[in-house]
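Some structures are shown below for you to check.
Presented sequentially are two complexes of chain A, the first with chain B as partner and the second with chain C.
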Partner chain A sequence: MIRAQRTPSPADAGRRVYRLLIVDDSNIVRRRIERSQHFEDLQVVGTAGNGLDALEVFAATDPDVVTMDLTMPRMDGIECIGRMVELKPSVRILVISALADKATAVEAMERGANGFLNKPFSDRQLNEAIAELMRGA
Partner chain B sequence: MLHEQELRIFVEGTTNFFEVAAQQPATLGSPYLAEVPPPLHEYTGVINVSGKREGVVYFTAPKAMLAVLLMKMQETDFSHDTMRDLVGEVANTISGNARRDFGGDFLISVPSVISGEAAAIAPKAGARSFIIPIHWRSHSAKLVVSLG
Partner chain C sequence: MHRSRSFGRAPLLTVGVGLALALSLGVVLLAGFRLATELNGSVVALQTASSLQTYPADISREIDTLRERLEVRTYAGRALDDLRGTTTRLDDGLADLARASAADPVALRAARDSWARFHRELDPVLAFSGQPYRDSDTAGSVLSTAGRAHFMHVRRAQLYAARHAQALREELGKVVDGLRSSASTAALRLRGLLLGGVLAALMLALLAVHLQIAKGREERSAREAQERTRDILRTVREGFFLLDSGHRIGPVWSDALRRMFGREDFAGLSFQDLLQDLVPPATLATALKYVNLLWGDRAHENLMKSINPLAQLEITTESERGGKETRYLQFDFHRVMGPKGVQHVLCAVGDITSSVLLARELQDSQSHASAQLDLLIGLTRTDPLQLGSFLDTADAGLRLVNAIMKEPARGDGEFRRKIDGLMRELHSLKGEAAALELTSVAERLHALEGLVEACASKAELSGADFLPVVLKLDELLAHLQGVKEIAGRLMLTREPQPLGESGSIGAALESLAAQLSREHGKPIRLELAGLAQVPAAYARTVKDCLIQLLRNAAVHGIEPTDQRAARGKNGTGLISAKFAATPNGYELVFEDDGAGIAADTLKRAAVRRQLISEEEAAAMDTRAAMALMFRPGLSTADGVSMDAGRGVGMDVVARGLQSIGGRIGVATHPGRFTRFRITLPAADRATGAVA
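Entry: the complex of A and B
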């Protein structure tokens, strides 16, 4: 599943609009993140359901921030994080995963992730994590 | 062989899922050991476990329960594909959370989903199936943990 959206319109000029890519193999989770994030200066520019598709959307949309699942078919999130950081070292990546062990979080951070949010998550937890991510973007 | 303390990990994971994702706690019945695998509901999300432990963890639920769960999650798509997506995500979340206690050697697969009429899932050799009954609103589902 790949979806890429338009770039910010000229109406957005004058203030920075952060570009968000959502990567998760669950449609429900992708829609939940898109629906629940409440930032006016954050625009969803694409979604993907696995790591390989995510790299295509990443190249096409040039996001500033990414939410990344880990357990996905075709290419998992850990490998995808490494590839994205190689392509764009300034990208900010929030891992959103059910994998709750410390070793996984450490590995994701070592590959270049900037934050880690465990599933299941509340809207408040999601928005706090995204706000933290955007502060560094 | 699953120990009582390990079974508690899955009980707590299931409790946490409903509290956070559905924003309404579920009541969990006492886990029990099944001599034969239980019959499946309409939708079942299956996670294969390998590494430190071998076996399966699956969440099986009726369509009516999943529909209400989707509503509580503000979802507007109640299609067959979304039901499949949801049971897989529930199984994945509970199994993934268990790595907090089991550690990184508790390897879990991406979810596979069984829907419609299906036979029970046979446990792996040497594994026994523990059933955790889940009661949420007026619906009942099961989490089955079968690890060697």
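Entry: the complex of A and C
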């Protein structure tokens, strides 16, 4: 589940590695997101299938970047975003959701999300969205 | 941009030059003041020096006087006092000159040295006190010892004065010359300075004038720029305004807003108040949250644009004609950055109603095109005769619907009756369309039915409630016209049906009878005979005619089962169609054992439709009354179909038969049967018939 990290070379010494947490109730989507990124400075530090688990993993792994589903059991994404931002205001969150209405997007942004990606998405769209997120992190 | 930069530098330069000019004017004035003071000192000194010039001569004369007095032994005290006074004044005068320092120091020192030497010679004279004379009895008054010494001193001083008084006078003259020349130099300088001062003042005045002109020009161009901005804001078709951090609209906004929102009080209005009455509360809440997000730096412009909840906002406003009007507005937000982050949010509002409607129209026409294609495919599978028959029926049916709609109605009850009639007609047409798999027609009929149902569910009805029905009906008629055209083209391209072939008419009637029976919940038995003998030339007409008659008989002729039972009839309605050759041609008898047609009902309807007058109706016998049913005006009359239970399109049937030289007659007995007897001439192409 966690991608192997490259052995740090001297050139990498000053380079920051971003820690990514993937939250989605579908393990197909989780795996899809895990596999699709090709950033050498991005490391998946955890995955979660609902909001409550996500908070636990969040506290344990201290990620810089999070991809967040909205419709999930136990705790939905909107609430989860709010909690995460409370815990770590500098975290950057990309909402990946099939809910396409703008009210939801605005709500998520208001809670503290930094990006919005509609399902279904292409690898390219995902990579662009994550790259955009990392630029701000 | 360029303009403001050039204007930004000019005032700085002007202020600098102005300051420099004022400063130099100040310096000139100060220097002038000093020069004037100096000049004043020089003039005073010059006066002093000029008066001193006479003193050496005065002193010489006074010494002379003193000596004369001493020689004649008269009183010399006064002469000595004069000498003393003059000496003191010369001392003081020279001391004043030295203090005033206006005089040429070299000349002054020479004069003072010269005077000092002079003074030294005078000192013993001036120092004398006491009596210079002594009285002797022999010689009278003689000089005393002190007097002799005094006299000696006076003579020496006289000698010195005779030799040096002139020199001292010249020395003092030099001082005077020096003072005069310095005074005139000072005066010259003062003149120069004054000239400079006047020049500086003149330049300051010029500068002031220039500044005034520049200011005027700047104000004019600012005014022009303002006017241009106003022109832009007045002419531009988009609504523009700036939102401040308190989400309030700024004082500058474009006139288009007035048209879009129908109000004037934008300046200072909050964004919430702008939208309050126009959008549902949920949309308003989202919009306010969104605008709030614009002030943060959480998301970049593109992302914010993509989640803009006001990109296509549907609003309802009062139209100019008084009614409600739905329009679509597009809000675009742009952050205006200042030195401390977002300063304003520029909001551009566009009325995109026409493009939204156009997009819809495009979508409609796309779905219309695909429906056309579906229809085309459907039509190729449909039996052309059945299709033709349906189209005629539908046409007639809808004309009836139209007539029902046009029928004036006043009370609620009349409207309800109208609705019932419409529902029945539409429902039956829908069923037929569905049976023929004419989905596009069936869907439209269904939608129309829905509209009528919506009318029915209203508590109170008025003519205006039927307006949407009329519109939809027009659309349906246009669609049917399209179907007809396509069907027409299809018929042309298709191989002619093997006419008269057994089963083709019969099968169509059987299937229609089964369908009508199902739809109307009436058991029907159809008896057919001799239809295989229909000559090819008549096949089409006969089939259309039979479909129409069957439809009318099944829908309107055959009574519902309970009614039949009450009349002691068999529960299953019997409809028969028998075709047979006769010596002169052919005969087709179509009969149903239904409710029959009452002549009076036909007459009443014809009177109501103003086809005949009351008198004509009264004079009409049953036979003539029956003929009314083939009159075009009557066949679409609601009265006929609703009151007498007889169907539509009889005129269509009659016309079709006439076109091939046929005739139609009707016999009926109310409550028992209706029988149509159709005679056709011998066909030229009767060879196609199967014997």
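The definition used in the following text is that the second predicted complex is superposed on the first by the 124 of 137 C-alpha atoms of A that agree within 3 Å, B and C clash if a C-alpha of one lies under 4 Å from a C-alpha of the other, contacts with A are read in each partner's own complex, and residues count from 1 in each chain.
Simple rule for what comes next: a contact is a pair of C-beta atoms (placed from the backbone, for glycine too) under 8 Å apart; a residue touches a chain by one contact, two chains touch by 3 or more.
This one's a predicted model, so the numbers in the text were calculated from it and none came from an experiment.
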item: Clash or fit (per the criteria above) of chain B with chain C on chain A; value: fit
item: Where the C-alpha centre of chain A sits as vertex, the angle toward chain B and chain C in the overlay (nearest 10 degrees); value: 80
item: Chain B versus chain C as contact partner of A:26, first or second or both or neither; value: first
item: Which superposed partner A:72 touches (first chain B, second chain C, both, neither); value: first
item: Comparison of chain B and chain C by chain A residues contacted; value: B
item: Which of chain B and chain C A:103 touches, first, second, both or neither; value: both
item: Touched partner set for A:116, first chain B, second chain C, both or neither; value: second
item: First (chain B), second (chain C), both or neither touched by A:132; value: second
item: Contacts of A:35 with chain B and chain C, given as first, second, both or neither; value: first
item: Shortest CA-CA distance between chain B and chain C [superposed frame, angstrom]; value: 9
item: Chain B and chain C footprints on chain A, overlapping residues; value: 103
item: List of chain C residues in touch with chain A within their complex; value: 282-283, 286, 289-290, 292-293, 298-300, 303, 306-309, 311
item: Residues on chain A engaged by chain B in the complex (per definition of touch); value: 25-29, 31-32, 35-36, 71-73, 97-101, 103-104, 118-122
item: Of chain A, residues touching chain C in the complex; value: 102-103, 105-107, 109-110, 112-116, 132
item: Interface residues, chain B side, partner chain A - complex; value: 16-17, 20-21, 23, 70, 73-75, 77, 81-82, 85-86, 88-89, 92-100, 102-104, 106, 108-110
